[in-house]
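Report on the following structure.
Chains here go by letter, A, B, C and D, matching the order in which they are written, and residues are numbered from 1 within each.
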């Protein structure tokens, strides 16, 4: 009867709310999954990038640059399809105190130009993001690095100013691609790398063509003969091109057409749990949010399931008022999920000595798709608890400078971070640059610092679990959900049983991980 | 008015059709809140629901009623286009008449300034100005009116140039009449018929430009319903063989066709060609 | 002929002046845009030091006036400068896009101009007949619908339903002309539909206007057939208005196709320009706008010269 | 010479209708006509008489928006009103040709004369291109065009009006047709040019023995050209007869009234008193357009006295209208003075006071462009009264009504009309009223009667004369028509090439001894006598010999 078929079936395939065990498994293994096959052309549609894109990883910030960078080059470490840290150009790494890190480089790796990989290349590549003059977007990530030194040609020693057990994780960030140093001592940023593909043509804002590197060191990777990345910013043009078979995969599929797209036998949709999340941030330093009861009332007053269903069309997981996504390391799956409970909300409001609460919540369309809808729904959810949220719609221009961290209660949005520490440090620690809720908790602070220097994984997990509890029960942030990465591919483009969930398209590594049947 | 109705009765079928369409649109625009079954940006269900008795044209990408948004779209799109065109004509005509009557350096200055604006691509200029002034309805109207005033200026100037050489204008000048009087009493009444016809055409162009800008995300801002952005928002459906998103585009087309039919008829009458 | 030459030089000088003012207007507009290129490139994660370093690198810490003069000085010496963001020479950045834009415009023009003139002549010839009325209604409709409507309809019909042509114009290097034509067919067809109507209507109108003139009646009284009347006697005198409208439309094909580029993901100048405005990449916007303005001015100049050349009264003074 | 026994062309009860405001209205109401081989028939009548329509009908052609509604046209045995398109088309050029009123507008501006001349000669396969060109040059020579070898290779705009008219006659002759329709071929020409063209046309028609229908409104012209004359009015024949008979003894009242038009003459006035101060005077005025090298007016001095008419006469380009423009302040003189009541008058109208502007008013030649089509009579006449004299409300309305009475238009009927609802003569009367409404001292009448039919023109002259007496006005009467000058002038100024050739009282100018240019001008005015053309030509040959 319904001409579009029933409401999103496909979408729910990847919807695995709260289930940590299955994180990263986007799909049930298919009966007969084909073995990787070499050959063919992959045409990918990306929607982030423009004419101004460069091959300089310090300036990389869109999917086009990240994917091309990772096709051409490798990092020292990478996030695997199981979302675990894997060796890449570094075969192993070690540290006694989480402050001095020793990385052993993979032997016998050569760049596209024939030059062998040495520690000089690694040091120069990392130093691109350090120092006064650096304009790197990742400058802050290496701010804690004191020295980077070579020990012979195959070892690099990094000394930090304070311990950081996550440092190897940080090096998997897309900025830290390793490039060769030329004879003149300058970094070669023209696209030469150790990666599975060689740059054939680079037309920023239009398309990039890559050819397979026949001498790639990585086993079982880089299967396509040719890869084309097309910049298609118009989503309907991308959808049409996918349906008509002019491209093989799209970086992001719109929720609104998923049900239609799903009916196409030649198209497969993937919905992968990710770390993107919105935050309704309360400034805990000022009334009424300095009273934890008010914060709890607002946390109980939101129906997360409903938001996931209506704002994300099911393509997400409910969150638990802390920023650690199920796909991230140290996610504590045993933590009890807070449920929508207007009565409890009312109770906490009463505890705070209030019968009712009227408060504006700032939001802007530009934050994420459905941001205003989310706040509007929140308003309805909170109403039975005696909370009157006023939807304060702000203009997109200047939201980050005039509203964010300025208004008492506002909406913000956060991208995925590879490890909890990176987001705790910026957004939840005392003195953090973007501590939007003015959160200040001594125990949290101690745990955060201790976890950085703790190298025992089990103990760290315990500490991060405790921090998640603190944020859930005392934090100033209402975090309703984590959004999935939703993308689509032609059915003849295939991948392994797992796909990474740190970015879309298999952690932006589909180019080297996928193959054509 | 009776004269007009009489003329209309004798008008060709295309012109009658045009009038009916225009009147219908105006009525829809005026009575939008009465006619629309839902609120302008009210979410009434899931996205892209098919046509049904509840949602005549189904729902859009956010689950809003398409029919409702079509109706409100008429109001926003036509209202803004009309206002914009009127401002453009007011400014353009006055400047054009001014240049034609005064000639000399005033004419040179205005004409060269207009050359500059016209030689910058319309959409790009609009893009720049709208980014500077923000994509609000006011700046949209102002910017598009400014751009179109330059076209109107050229036409008004050309028309007025043909009129100022008439002896009756010379007679008024020699009588000692002031500039304003000559523009208002001698030129305007005679320039009106071609300008009115041009108004129809320009209205269409303004309409198309605004929907083009909306299509590029710079026109009428969401959640206000507007036909241009409705097409863009829902364009993906076309891939799947559902042509609902083209209804707003067709609505734009229908109105411009209708206006063009009327304009054609008026031009035909004005030119004195046989019918 | 010196008259034509004198006019050409005069108009060219005026055109250059216009271009100069255009460059000033564009520069000022970009100065007025909120945010600058550094903020746009570094985005949300930018720190003040980052921004300052970036601005210093690009010379954005210089006063606006001296930056404009620098740019102008370079431009006059034929140096278009580099993109502020990618650092690539603009000539490199733009040349291929420009080729694409001109290719598409040329493709569309090659179909539309002869088609429009032919249809205009035919409908003038058979004016007030069913054929004429049909052509007119179709033309009016084509003028009246938005470009994206035409584009999407064609995509739906020819790419999705019948899969005859690709829905996006994915051009590859070194593709044969045939392949290029195949891949750009839908955008070119869209543009053709849009501009043909305008030119056709003008052709028809100018011809019909001429039919009322005494010399056309004279030709009739000399025994000329309808066809000869229109093609031989009226058409040479209608060249000026027809060429003018063709020039406007050709200019439009080059400068006004942003929407068609978006619909068909065609890598032309329009997309580049929109992109660069968003990124505040002054040098690119400036150069692209000047190319567009120059195109417009040159087409107009050419149409004026052709109009004059086609008119013995102006060409051969007494 | 003429053989009327076997008619080449006959019309039987020809009726043609025209579409106006969605109704078919008769234009030609049953005309019978017969034209013998070698015969020249003159069709004469005022505008709207249907003479052009009949002329075109003879070619089996009606204009757009017209149709044959009855009757027959037989040309050499072929019935034209019902003939198919190809039949009619094939007759044209080869057997019937047409010479239009305005040669300048009727030659295609895009092609050289000779190509237009030979077009159908070659297309119909009558001659090769080379032969056709030779023949064209021969015809040009016969029509006494200067440089016959070369003139055909010019574009129409490079050739003067009189020459174009002869070239068009040559083109009509190209295929040696049996019949040529001449539709007012000399109306747009100056008299001195007209006489040459008339002679050329007559000679060539005689030489080839071509039949012709000669359409004109000018009796004196038709008297020279036609063997027989048919007088038309409102699409009907009034009477027809041999030229001599018609001139000597017209039967119908209408014809007689046409013949009598030139009887009006204003009363003789006493000479100007020696001490009389002219209302307006020009003293050595020299004027020049900024873009031109040579002055368009050179040392012009004229005095205008209250109650008197100065007629400024000359051919086109003589500077007579330019004098008026300088006087109005539209073209400020570069040299010389203009005086108003003896006091200097500012050269530019922009610097003139209201009183100065009020004193000099102008009546334009083309009433169509002189009256704002969107203003009602009330406003057109009322505005100068309000502007100069501050009249308002009832006083204004009364004044307007009085003025309408003055110009012999019924106020109730006309006060709220638009100019488009008036006839040509009525429009001109409104033009006069507008000038008078200002309360002027001097009225410039710029060719006010040229565009009007003779009977209507006479009415206007009578009105102007009457008003002059009533308001003691000075008139500057600009015209190219000598008979009008004879009728209304007190003083005459003859101009040529921007200079005054001769000036003085009318009697002095129009009586011998003549100044040579004045003589040429006067002798070129056609006279009713059928032998006038021969006589003048003979006289000129004798003189130059």
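Structural remarks
Keep in mind that, in the parts below, a residue touches a chain if its C-beta (ideal position, glycine included) is under 8 Å from a C-beta of that chain, and two chains touch if they have at least 3 such contacts.
Just so it is clear, the structure is predicted and the values come from calculations on it, not from any experiment.
Among the remaining chains, those touching chain A and also chain B are C. Just count the C-beta contacts per chain pair and the biggest one is B-C. In this assembly, the C-alpha centroid of chain B lies 22 Å from the C-alpha centroid of chain C. Averaging Cα coordinates per chain places chain C and chain D 50 Å apart. Between the Cα centres of chain A and chain C there is a gap of 43 Å.
One finds 48 Å separating the Cα centroids of chain B and chain D.
Chain contacts: chain B has residues 232, 235, 238-239 touching two or more partner chains.
Residue numbers of chain A whose C-beta contacts span two or more other chains: 234, 240, 243-244, 397. Of all residues in chain D, those touching 2 or more other chains are 64, listed in ascending order.
Partner chain B is touched in their complex by these residues of chain A: 2-4, 7, 234-236, 239-240, 243-244, 254-257, 259-261, 263, 313, 365, 373, 395, 397. Contacts from chain C toward chain A in the complex involve residues 34, 41-47, 49-50, 53-54, 57, 83, 85-88, 93, 96, 155, 159-160, 163, 166-168, 170, 172-173, 262-265, 267, 271-272, 275-276, 278-279, 281, 284. Partner chain C is touched in their complex by these residues of chain A: 43, 50-54, 59, 61, 132-135, 137, 139-140, 201, 203-207, 209, 228, 230-234, 237, 240-241, 243-244, 246-247, 397-398, 400.
Per the touch definition, chain D reaches chain B in the complex via residues 19, 22, 64-65, 328-330, 349, 352, 354, 357, 362, 364, 366, 369-375, 383-384, 387-388, 434, 438.
Contact residues on chain C toward chain D in their complex (touch as defined above): 212-225, 233, 236-237, 310-313, 316, 318.
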